[in-house]
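Take a look at the structures listed below.
Note that subunit A is present in both complexes that follow, paired respectively with subunit B and with subunit C.
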Partner chain A sequence: MTDAAEVSTAHLLATESPIKRFFRATEIDTRLLGMVGAMLVIWVGFQIFGKLITGEGVFLTPRNLWNLLVQTSAIAVMSTGMVLIIVMRHIDLSVGSMLSFVGVLTGVAQVYWLAPWLGSDNPMIWVVGVAVALGAGAILGAFNGFLVAYAGIPSFIVTLGGLIVYNGAAWWVIRGETVAPMDSYFELIGGTPRASWIGSEASWALGGLVCLAIVVGIVLNRSARARFKFPQRPLWAEAFLILAGCAVTLGTVAVVNAYAWPPLIAERYAKEHNIPVPPGGLIYGHGFAIPVLIALGVGVAMTFLATRTRFGRYVYAIGGNPEAAELAGVNTRKITLLMFMTMGILVGISACITAARLDAASNSLGQFDELYVIAATVIGGTSLAGGVGTIYGALLGALVMQSLQSGMTLLNFDSAVKDVIVGSVLVFAVWIDQIYRRRQS
Partner chain B sequence: MNAETKAPLVELKDVSIAFGGIKAVDHASIDLYPGEVVGLLGHNGAGKSTLIKVLSGAYKRDGGDIRINGEEAVINNPRDAKRYGIETIYQTLALADNVDAAANLFLGRELRTRWGTLDDVAMEAQARRVMGRLNPNFRRFKDPVKSLSGGQRQSVAIARAIHFNARILIMDEPTAALGPQETKQVGELIKQLKAEGIGIFLISHDIHDVFDLADRVAVMKNGQVVGSGPVTAMTKDEVLGMIILGKCPPGATPGPGAMAA
Partner chain C sequence: MKTMKTLLAGAALSAVIGALALGVAATPAAAKGKKIAVSWKTFQEERWKTDEAAIKKVVAADGDSYISADAQGSASKQASDIEGLIEQKPDVIMVVAYDSDAILPSIKKISDAGIKSIAYDVQFEDPNALYITFDNIGVGRLMAKAIYKAKPAGNYAFIKGDKGDPNATFLFSGITEVLKPAMDAGKIKNVCETFTDGWKPDNAQKEMEQCLTKQNNKVDAVVSENDGMASGVVAALKAQGMAGSVPVSGQDGDLAALNRIALGEQTVSIWKDSRLLGKKAAEAAVAMANGTAMSSLPGVIKFDKGKRHVMMNAILLQPDPITKANLDDVIKAGWITKNKACAGVKKGTVKACG
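Moving on, here comes the complex of A and B:
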């Protein structure tokens, strides 16, 4: 190709150091890589530390990593929305108490209204329960958004008020009682019962599909750019991206499959299905749990929303320069309202995951979640000044936060110490990020 | 002028707008015909940007009328203005700094694939074409506009205004960040657009930017129009007199801001 851009890129490639050339060609976000590195350090650190203290490293076991993913799901789901809220130069402090209120509502709906009316174990209960949660989340989120966008009240104030109001509302509904148990189908959303693990075969199949999607995505992008004669990434860089993407995907599948069912459950399952038990016992892999799949699905959907749709484009443009977006003809108020509504729906999803996982709804649901969600988002590289942030960053940030928490729980850290460390890590991470960004520019 | 007999393309009549107690624009009237370049001159703070922001839908006027092709126009926001074919290059450029040139170019009017998703490649292709016309050396299509030079950013803002078949083009200090070479290029562009029948408001605080390109000039001072008239009927010194002293020369039609003789 004789495109001048190509020539100049080729020139740059020839004069740069191999490492720089690698990052330029693959367009890998070095910040992301830093975060993955930090996470691996945390993981290995807990493993070694655990071995020194308890004589046994349990952090890097399939069982712990599997649990880690399940525990991360609820925060991860909400962090994908918080990224875009913060990108738009807003904040949502109400997500934790909104989760509590929504969780309580769906709990009450299932236990006090639907079960007596439809009979427990009616498969409609979970459908209505989820619809109640998503609907309530959407309404509350839209209300937040309306106050921010149309009444012009700063989001900090609106959602600070929301934090208090929804907390009170949740208390008002159940007065500190615990509503339990949840519907047995609904419970699957939380990942605890056996039927909420999809098993090895399905997990491998899913992993294969994701790998296929990676390949197809890269090939389609290449052919689209070829059609317009745009400069392309070098072939070796594309190959590397495909290999790395597939390796991470299949590696994750291998880990969740390596965590076998508890022997008692495997035995009972065998008995129920008349499967003879071989001498070594039956080994069934857990595979992905439903909440993890939900979180991954939400991650994909939100990434699509953020990068492939007009809505997402407007969210970023508003974050970059709200006045410019308005002057360009973007209906910034509508976008703001819709964004807060989306956040509310995500809170509804997380409320289902949390209530289902505990198999109960109570006022303590979602306590401090707003802080963890914001922390995950910020650790994931979202700038509080607005305009900058990615969904995958927030997902990784959520995983880092949860890794710290579970790691310390495994080592029996006092919860006071845990809080001190988690808070410090947040501040430290942002400080490092600032230094990195200053270096970059 | 050639087209005085037709209804003007744009007519702003007695437009007023105040911020707090400050009358930023005070009963200002200007008009514009197709294929005409009207230079809007005045000191910094004279009210030029505010007046044209009323036309582009950025500000709501307190009073006055806007007519387009002789008909009352309803312009309450920038979307309305664009519907009338009014495109604006703002003095502040009004770019979203965190996204790339193509995203800015198509902001609010994104091209979409048949599945309704953003068609980034098509947008990049058109961006390359229109930027090639303005700034042939421009290469940084993947970078956020924050990292571009002042001139490159200005090119993006100009590209955005000319890409969507404007009928009325507002250029608020369009060459402020440009070098002499690029300024000349914008001058060529203005002549070309004028030849296509587009009406252009060219705003500047510097008479030299405007005098050679404009058919008519209008001068503002303290929110009021001092006067307006064809450049052929005035000398540069007379126009300077309007800008500095508010003194309307015989070749110009005096406005409310003209110094009492």
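Moving on, here comes the complex of A and C:
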């Protein structure tokens, strides 16, 4: 029997198509590639469609792509946590209204307590404002987690209750009022003011650093595999990965740099700094916006947490089989509580981004965000059955969702049609994913 | 021992309930004047408490008594609320209808009991009732007028409210009514027009960003249907350095919006003072309770612009467009403090801020 099996494997390897061999050698996740492909189809589709309808395609301009990244960041941050929650076979329906409550709290803290007390230009305001948001998020998240893990109430119910409670709480704090304007340093978190664009030079430097990190990472990985006598990727595959990774990174930098400052802002800047304006006008690249960097940073940190720490291993172990994990000595309750707390902190970060971006806090912030966060996570390949899901998948899922919405707004789609399309895409994406998984197994 | 305790507790409880019941019954009976009833649709939104305070003040000043019920956002609860109110034999019942169609049988019951009814803020089409509200089509008109005055030609963007809310469309009809001649003449071009899910400011911000991207910033004026969305619009304009040079409209008299007006970032906020609405309605109710005919109340007109075009007596209050020029009105009315309205305003740029 074993002989027969070996023979068939060898036979398979020999007859493998070059494409399959390529994926095996580079160890690239084909699902990821499929998603990137789908996203590119959507992008190009909007571009062509826009050209046909309005005479000019706006979607694939640096400006729109830059906007897209900023618009995605708040949902993206929360989706990285939602992945792990869903991997653990739980759900968090309360993130949207928690965002609204936390956003309102930090708004009130800045505008009504800190500004009158410290003076409105004090740099401590944003520090305390962010601390309030993260702290409140952590406490609310931990409370959700406590009810789920220790009181044994299903997470669906706990967070459904939370959805309603935090909604009411946000209303209760400001009674439907809008709190504005936010602190001028805090505003930088949202990516609206000029100072929150890091500029071309810094973006290139950052891109270079990321490339360097890719190279170092692959070299380290190679030596680690050698140490544990794991099979190595062929050298050409390593080279390909380095090139592809750097190309994507530097390409992104080129795009965000290609979006020049709005003329009015460049003019004002020139006047303030006594810079002579050349005939073509001053051209400064935006570079990355701070909220995008925050989202990317959170993505990296959460990927590390999920794949390189004991906590992450436990999360996936519990998701794969809760009873087995418990019997193996994993403190499932503690991990559950900590996971919900992490989710709360991420909500705090998103609350800062959203409130800072709008330069105002109101209790309508974040409403229905839970639906977009869960949709992004699921489109990103997280299985609701638990145990399966990746952070980068969720980030991509968030980008796909936002691309659809922004693209349709650009084309002046009726908002009823928008809803119909977004909902259908969600279901369709999961269906395709199911087919893919069935074929894999 | 245990039974004893239970008994005592029971006795205490019934005493409390009895007292409560007496208290409830005693309050209306004690007043000598007329009785004014209000059926509220919900107290979940803060504004209705403001209305209630204004109504209570007028009613008390006349020596009349006030009774009320809160339907908590349910059409069926409102129907039974009204039956309950009828049984207490008030002279006038004001109704803030949760559902303007489902309420009609209840309104008929009110008339059948010989009680007068007032449609407060939300219209229901019963010829025997008085309809009192702010002129809603007028709000759209006022917005458009203020923006048109600031920018009589160019590319206009329209940020509308939630598509499920009839008010969003209603407002828009008032807006287009004013702008139509200029649009037909080709002076004003509609470059972006979109509904905004849930009237959410952050959605409005994204829509405005897309609009600016699509138009490559060639947008000369923005008609936003409320102040919350205007905050998103202004944030999007700010990112392009255009805030302050592009006129933006809104409504509600949001405190943050009034501050934006002082700062020059928003052009107008249409303000509907719900205290004024409450006061006028209560005055009408008191007059009606004392036998004044509906048609001879001050300010009454004939109104048939509802869905079914039923002819009704109506009082339509004019909303107040608040701009930099008359910002003082809201400060004097005590709606907003001068500090809040003028936060961050440079000395000498706005009259109201000094």
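A few remarks follow.
As a working rule, the second predicted complex is superposed on the first by the 426 of 441 C-alpha atoms of A that agree within 3 Å, B and C clash if a C-alpha of one lies under 4 Å from a C-alpha of the other, contacts with A are read in each partner's own complex, and residues count from 1 in each chain.
By our rule, contacts are C-beta pairs under 8 Å (C-beta built on N, C-alpha and C of every residue); 3 or more make two chains touch, one makes a residue touch a chain.
Everything numeric here is computed off the predicted structure, so don't read it as measured data.
Of the two partner chains placed by superposition, A:Lys51 touches none, neither subunit B nor subunit C. Within the superposed three-chain model, A:Ser406 lies in touch with subunit C and out of touch with subunit B [touch as defined at top]. Legend: residue contacts after superposition of the two complexes on their common chain; A:Ser415 is shown touching subunit C, with no touch to subunit B.
Of the two partner chains placed by superposition, A:Lys20 touches none, neither subunit B nor subunit C. Within the superposed three-chain model, A:Arg310 lies in touch with subunit B and out of touch with subunit C [touch as defined at top]. Within the superposed three-chain model, A:Arg268 lies in touch with subunit C and out of touch with subunit B [touch as defined at top]. Contacts of A:Arg175 after superposition: subunit C is touched, whereas subunit B is not reached.
In the superposition on chain A, A:Arg437 makes contact with neither subunit B nor subunit C.
More subunit A residues lie in contact with C than with the other chain of the pair subunit B and subunit C.
Interface residues of subunit C, counted against subunit A in their complex, comprise 45-47, 163, 192-202, 205-207, 209-211, 213-214, 217, 227-228, 231-232, 234-235, 238-242, 245, 254-257, 259-260, 344. By the touch criterion given at the top, residues 56, 58, 77-79, 82, 88, 90, 92-99, 103-104, 107-110, 112, 116-118, 121-122, 124-125, 139, 141, 144, 160 of subunit B touch subunit A in their complex. Residues 4-5, 8, 224-225, 227-228, 230, 304, 307-310, 313, 316-321, 323-331, 387-388 of subunit A are the ones touching subunit B in the complex.
Contacts from subunit A toward subunit C in the complex involve residues 54, 58, 61, 63-64, 67, 71, 120, 175-181, 191-193, 262-265, 267-268, 354, 357-360, 362, 364-368, 405-406, 409-410, 412, 414-416, 419.
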